[in-house]
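Each structure below is given as C-alpha cells.
Look at the two complexes coming up: subunit A is in both, with subunit B in one and subunit C in the other.
Then we have the complex of A and B:
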C-alpha cells in the first residue's frame, strides 16, 4: 500500500497529500519535506490534503500544527483540507487542536480560499 | 494478520511501525464487531495513543484485544501491557492537561473520553496495564 506523503506544486502552492495511515517516521518526515519544498519552489503556501486520513492522533496533530507554524515563519500560509467527519468528531473529543490553522471542507474550496478574499496568496 | 473470527488476539509493540500494526488490527476487529465509522475511529485513535505510550515510556509491551459480551450488547476490550517504569501518581496522570513528555498534554484523559470504560493498574518499576472497553450502541 502506498504510504508516502506526496508533495506537488500547483501554481504557487504546494499540494501535500497525506496517506490513510502513516507511521510515525512518515509523519515526522512531513516537516522536512514541506519546508524543503517551500524553499525549492518559492511557494506561497501549503495546502494539506488529509481527506484520506483515517486516524488523527496527538502525535500527528502536533506535527501538523508545528509544520504550519514553521511555514508561517517562512512567510507561507497553510490550509488543511478534507478532514473526515469521524476524524473531526474524535479530534474534538480527545481535545486535539490545530491551533489557528485555516481549514477547508475540500481541496477545491481551499484553492478558492487562496484566490479570493483578503488573505489572498495571489495578492501578496 | 488476525483470523477474521478470532475472539481475541495480540500485537507486540516493539517499534514505531508496530503502532501502525496495532491500529490496523483494531480497525479490522472494530469493523467486524459492527462499530460505526465514528466509534471505530474513536477506538483506533485511543489504541494509537496507548500503543505509542508503550513505545515511548516502556520501550516495549503488548496490546491484547478481546471481543466482549454483556447481555445483548457486544463490544471490544483492549489491554495495553508493559513492564516499564510505571505511573507514580495515576490521579495526576488522569488530570486534564497533564503530560510527562513533550506533547499536547492530553494523553490519558483524552483516551478516556473516547472510550466507555478505562482502568489503569500500575506500579512503579514494574509496569502498567491500561484496560479500555467500548460497547456497541444498539
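Then we have the complex of A and C:
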C-alpha cells in the first residue's frame, strides 16, 4: 500500500499524489517519504495532490498538518491541492482542520502560488 | 329483449333516426337491468322504441363515440367481452384480437407477477368500485400512464356478471405535472442559492432572506461544487439581503468558509451592514479569520486585487492600448 504514494521531484518542488482511499499505513508512510525526499532533493516545497482522495479521516488530517509543520521546519512550504467538495464538507462538519496550511484548487494553481510567493488577504 | 335504460330524453331528440348497431359481444339488456331503476326514475326513462331508435342504440353510440375513455367489459374471470373504438386507439388491440383474452394483457409484467389484476377485480367486487393510476401496456409493448376505474356489473339478484372497465390515458397530464414539479424545484433552488460567476475566477453568491440550516447546508454544497467546476479561487458571499444573523447562522457561514478554504479558494463576506456588525460582536462571534467588507463593491475590489487584477479608468486603458500598438509596430 505504501507504494501508492507517488513522490515526484518537479524542478525544486516535490509533487506528492495520494491514492483514492489511503489507509493508516499509507498515511504513516506519507510523512517519512515526504521528509526523506525533502532532505534528498533539498526541495523548496511540497505540493500534496489529494484530488483523488475520497475520504479524509482525523488521522490523515493530523498527519498532513504535522508533516506540513515539519516541512516548514526544514525550510519548505506545503500546499494542498485539489480537495473534493464532499471531502471538504465532511472535514468541516467533523471539525477537522488543516491548521494554516495553504490550499489550492488544482495542482496548476498551486504551482502559480509557488512562483508568486505566499498571498493572503487576511494579512492585508 | 327488455330495454329499461335510463337515458336523458334530450339525447334521443338529438339523434332521432339512429339504426340499431350490431354489438353482439355485449348484452346491453343485461347491463341495463342492473340499474334497478326505482319507480320514479323508470317513469323518466326511455324504455321502449321511439321512431325505431332504442335507448340501447343510444348507449352503443355513446360508447362508440367517446374518444377519451376506453370503455370495455370483462367477464367475471377478467376476460374481455366488449371493446370500444377508443380502447382500440389507446391500446392498439383490435376488437377481434382481444375479445376473449384476459385483461392482464394491458398490464406490465411486474404487475402481473404481483397478481395486481386479480387484486383489482377482487377489490372492485368487494368495494363496488376500484380506481387506480399506473402504467399500462399497449399491444406494441409501449407504456402509458392510465387512470382506470373498474366497476362490478351485477344482475338484479346480485349475481356477478362481469366488470366494466373505463381507462383514460393520463400520460400527458402526468408529464405536464412532473415538468411543473421539476421546474418549481429548479426555480426554488435557484432562488435559495444562486451562485453566479461575475468574473473569471470570481463567484458571487447574493443571499437574500433568512438563512436556515437547510439552506446554508445547500449553499455549502452548491458553492463548493461550483468552485471546483469553474476553478474559481475567489467567492464573494454577499449577505446584504439577509435581515438578521444568529449564532447558528454565523456558525454555518464560518463552516462554509472553512470548507471553501480547504478546497483552496478564498471567501470574502460582503454586505456586513451596521446592524449585522453589531449583532455579530454582541453574540461574540469571531470572524477575525474571515475577510469581511461592508459593501459588495469593496468586496469585489478585494476579490479583483486577490486575482492581481485592477479596474482602471478607460482613458488609461486606451493610452496603454496605443502604447501597445506603437510598440508592436516598431
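Everything that follows uses one rule, which is that the second predicted complex is superposed on the first by the 113 of 124 C-alpha atoms of A that agree within 3 Å, B and C clash if a C-alpha of one lies under 4 Å from a C-alpha of the other, contacts with A are read in each partner's own complex, and residues count from 1 in each chain.
Quick note on the criterion: a residue touches a chain if its C-beta (ideal position, glycine included) is under 8 Å from a C-beta of that chain, and two chains touch if they have at least 3 such contacts.
Since the model is a prediction, treat every value here as computed from it, not as a measurement.
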Combined model on subunit A where subunit B meets subunit C, clash or fit: fit
Partner chain in contact with A:97 - subunit B first, subunit C second, else both or neither: both
Angular separation of subunit B and subunit C about subunit A, which is computed from CA centres of the superposed model and rounded to the nearest 10 °: 50
Partner chain in contact with A:62 - subunit B first, subunit C second, else both or neither: first
First (subunit B), second (subunit C), both or neither touched by A:21: first
Which superposed partner A:44 touches (first subunit B, second subunit C, both, neither): neither
First, second, both or neither for A:89, with subunit B first and subunit C second: both
Partner chain in contact with A:109 - subunit B first, subunit C second, else both or neither: second
Touched partner set for A:53, first subunit B, second subunit C, both or neither: neither
Minimum Cα separation, subunit C to subunit B, after superposition on A (Å): 8
Common interface residues of subunit A - those touching subunit B in one complex and subunit C in the other: 84-85, 87, 89, 93, 97
Complex interface listing, subunit B residues touching subunit A: 16-17, 19-20, 23-24, 27, 37-38, 40-42, 44-45, 48-49, 52, 103-104, 106-107, 109-111, 113-114
Residue numbers on subunit C that touch subunit A, as the complex places them: 220-221, 224-225, 227-228, 231-233, 255-256, 258-266, 268, 289, 291, 302, 305-306, 308
Touching residues on subunit A, where the partner in the complex is subunit B: 21, 23-25, 54-59, 61-62, 84-87, 89-90, 93-97
In the complex, subunit A residues that touch subunit C: 79-85, 87-89, 91-93, 97-98, 102-106, 109-110, 116, 119, 121-122
